[in-house]
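Inspection log for the structure reproduced underneath, given as structure tokens.
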Amino acid sequence: MDQPAMTLLDPRDRSARGVAIEGDVTGRAAAAPATLLEESWRDFVFAEVWARPGLPRRARFLVALASAATCGLADTQLDDFVRGALTTEALTLVELREAALHLAVYSGWGNGGRLDRAVTRMSKEKGLAPAEVPPIRPAPWDPEERVAQGHAAFHKVMTFPPGPPSNPYLEGINNFVFGEMWRRPGLDERSRRWITLVGVCESGADIPIRSHIHAAMASGNCQPAEMLEFVLQYGTHAGWPKASRINGVVLDMIGKVENGLPWHG
Amino acid sequence: MDQPAMTLLDPRDRSARGVAIEGDVTGRAAAAPATLLEESWRDFVFAEVWARPGLPRRARFLVALASAATCGLADTQLDDFVRGALTTEALTLVELREAALHLAVYSGWGNGGRLDRAVTRMSKEKGLAPAEVPPIRPAPWDPEERVAQGHAAFHKVMTFPPGPPSNPYLEGINNFVFGEMWRRPGLDERSRRWITLVGVCESGADIPIRSHIHAAMASGNCQPAEMLEFVLQYGTHAGWPKASRINGVVLDMIGKVENGLPWHG
Amino acid sequence: MDQPAMTLLDPRDRSARGVAIEGDVTGRAAAAPATLLEESWRDFVFAEVWARPGLPRRARFLVALASAATCGLADTQLDDFVRGALTTEALTLVELREAALHLAVYSGWGNGGRLDRAVTRMSKEKGLAPAEVPPIRPAPWDPEERVAQGHAAFHKVMTFPPGPPSNPYLEGINNFVFGEMWRRPGLDERSRRWITLVGVCESGADIPIRSHIHAAMASGNCQPAEMLEFVLQYGTHAGWPKASRINGVVLDMIGKVENGLPWHG
């Protein structure tokens, strides 16, 4: 299944591979395509992108879920990826709930909510019990302790220390994003990276794009070859032009990380 | 209600504050959160963002409505903000109709339409009579007069004179955007700023972002501290990466306005 | 019908023109506007933008369809443009199916799917037989041949030769985007340009924006005056701030193409 698409020579082989992968990824039998566009899901997106080696299935699911929720895919398509992730056990219900909150932070609460509602629908379809997810912050806290925790989490995640939280935006970053959300145990740091990467790519904002692509590799969470595969997986949901920019930044940041340089170096 | 979130020490206090604010902002009783993401609306977005001082509730509603319509929130969430704005009398029905047209200009007619349809739904829910809004331009006009009116309105709004309307895009800017829309009486200039700011932030386009953030302050319509609060309020809908870029531009433009420099200075 | 909007003097004339054009463009009788925003569709978007000379109706439909699918217009509005394009025979069903695939590549498979589903709905409404569209690639192929075909198509479309496909993103560009999609016969190259242009404009990514705006003119597919009209047509769906940036790039690239310079020159 995981051989490069370049070895395909016959359109019937390509289609058969697409049908098989679509079944895994959506958790349902592939429907016969009714239009050219549906055919291209089978013969390109599933048969030639999802089939590639270099990025594990779990990571592809996280990229697909995050970008499906932000790039205008239909609810039924978002449902498909959630069903596929649950059915193949690539992600648990707890992880999906954490993924929705993480996406809210990096792509806005509206897009996070789209994913969360898809998780609710598929959870019901599969008859699952509600996820046992710990609350945002269960115990009383010392405000200074939260600031310190936020600083430490920022430093770990970004691989460089934060500036002082001197304005509302930076306070929110410190208190909630790093002081609470990134410290939650229900989803590992590597998985949070893929969601974060989709969020920064969709933002179009240069500093977050560069600093997070750098941090994903500098932290050791994501490998350079995986980052290049990420661009193609993301591009099918975001379109080639957005992916073009990200490909250039990934290549640039691979060089910096290899040479021990910071993202802005 | 309007004390900084930093003074909260107990999660029960935070949740109680979130429930109270959610009731105000949505015009309905807060529902018990069923998921982690819904919990984060209560315990972060409402309890720690909407609770902050520094930006009046009316401005927060305008930012929330504009960004909810453009950043992928569900129709029911857009309805909530419209209901809350009408119920608390933060905005009138006439103002909401003007806001939808203003949003169409700065975020496209599709997103303006999303807001307009939410206003229609909530207007019906509350049994309101149709808003008495004057037509786009009721009386016959002299084309040269419209051009002159557009120039004058551009100069007032942007705080610098326009170039000549020498191509189709600039003609449209002059004739309709400034010659008609910004001159309408049903919504004050300060309120139009918040909608404009969301539109330019979402565009990702550098010149509109910088020039409008500068003009919002140079005109006296918006204060520097309010602009910093705007970034956090906008960020909950747009996600942190987009807000990161805007925070940097706001800080830059505060310096320019304080020193009497133009946006490109 | 195709005289400049500047000659309008009376709001009743403007509204009457808007009603007439709305009927053509949507393939249904114009409804009386119920809100200010609906009035602005009639009195500005249809009466003053679609009425302009300088960009043929077929091109305006392609721009409208692509940007309606990506900029948050309601499904019913997307349906309107599809119905209008079919009813006026501006585009055939085959061309619309190709347009949806082309949009998927340049704006992501989600947005392409939105257009594709609208085409399916309107095809049913009009009782049309399914489009006879050739499959993605019907016959077995030699991988090296596909690479070579992709290189040649890239060179023709972009007007400069591609680099080597040395990473996953570039392989996807070469194999599918240029090696298969751009080579399909069902939609002419000029029409593919308008969809591509909307895709790159929405991406916000500098290199695709600049290189594709340049290539659209350097190839001879699109004329400079048409490109300036494109900005206004796109702006009504994308909002003025995004169009502002594109207007600047179009003016810049017109100068480069006139002087025989490359896009990055």
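Lettered A, B and C in written order, each chain numbered from 1.
What we mean here is this: contacts are C-beta pairs under 8 Å (C-beta built on N, C-alpha and C of every residue); 3 or more make two chains touch, one makes a residue touch a chain.
Chain-to-protein mapping (UniProt): A, B, C = 4-carboxymuconolactone decarboxylase.
Note that this is a predicted model, so its numbers are computed, not measured.
Engineer: Considering only which chains touch which, how would you classify the arrangement: line, ring, star, complete or other?
Structural biologist: Its topology is that of a complete graph.
Engineer: Using only the C-alpha atoms, find the rotation that maps chain A onto chain C and quote its angle between 0 and 180 degrees, to the nearest 5.
Structural biologist: The two chains, chain A and chain C, differ by a rotation of 120 degrees.
Engineer: Averaged over CA atoms, how far is the centre of chain A from the centre of chain B? Could you give it in whole Å?
Structural biologist: About 29 Å separates the centre of chain A from that of chain B.
Engineer: Would you please write down the residue numbers of chain B that are in contact with two or more other chains?
Structural biologist: In chain B, 204 touch at least two other chains.
Engineer: Using the touch definition up top, name the residues of chain A that touch chain C in the complex.
Structural biologist: 5-11, 14, 34-41, 43-45, 48-49, 52, 54, 67-68, 71-74, 77, 204, 228-229, 231-232, 235-245, 247-248, 251
Engineer: For chain B, which residues count as touching chain C in their complex?
Structural biologist: Where chain B meets chain C, its residues are 69-70, 97-98, 100-101, 104-114, 116-117, 119-120, 130-131, 133, 135-143, 167-173, 175-177, 180, 199-200, 202-209, 212.
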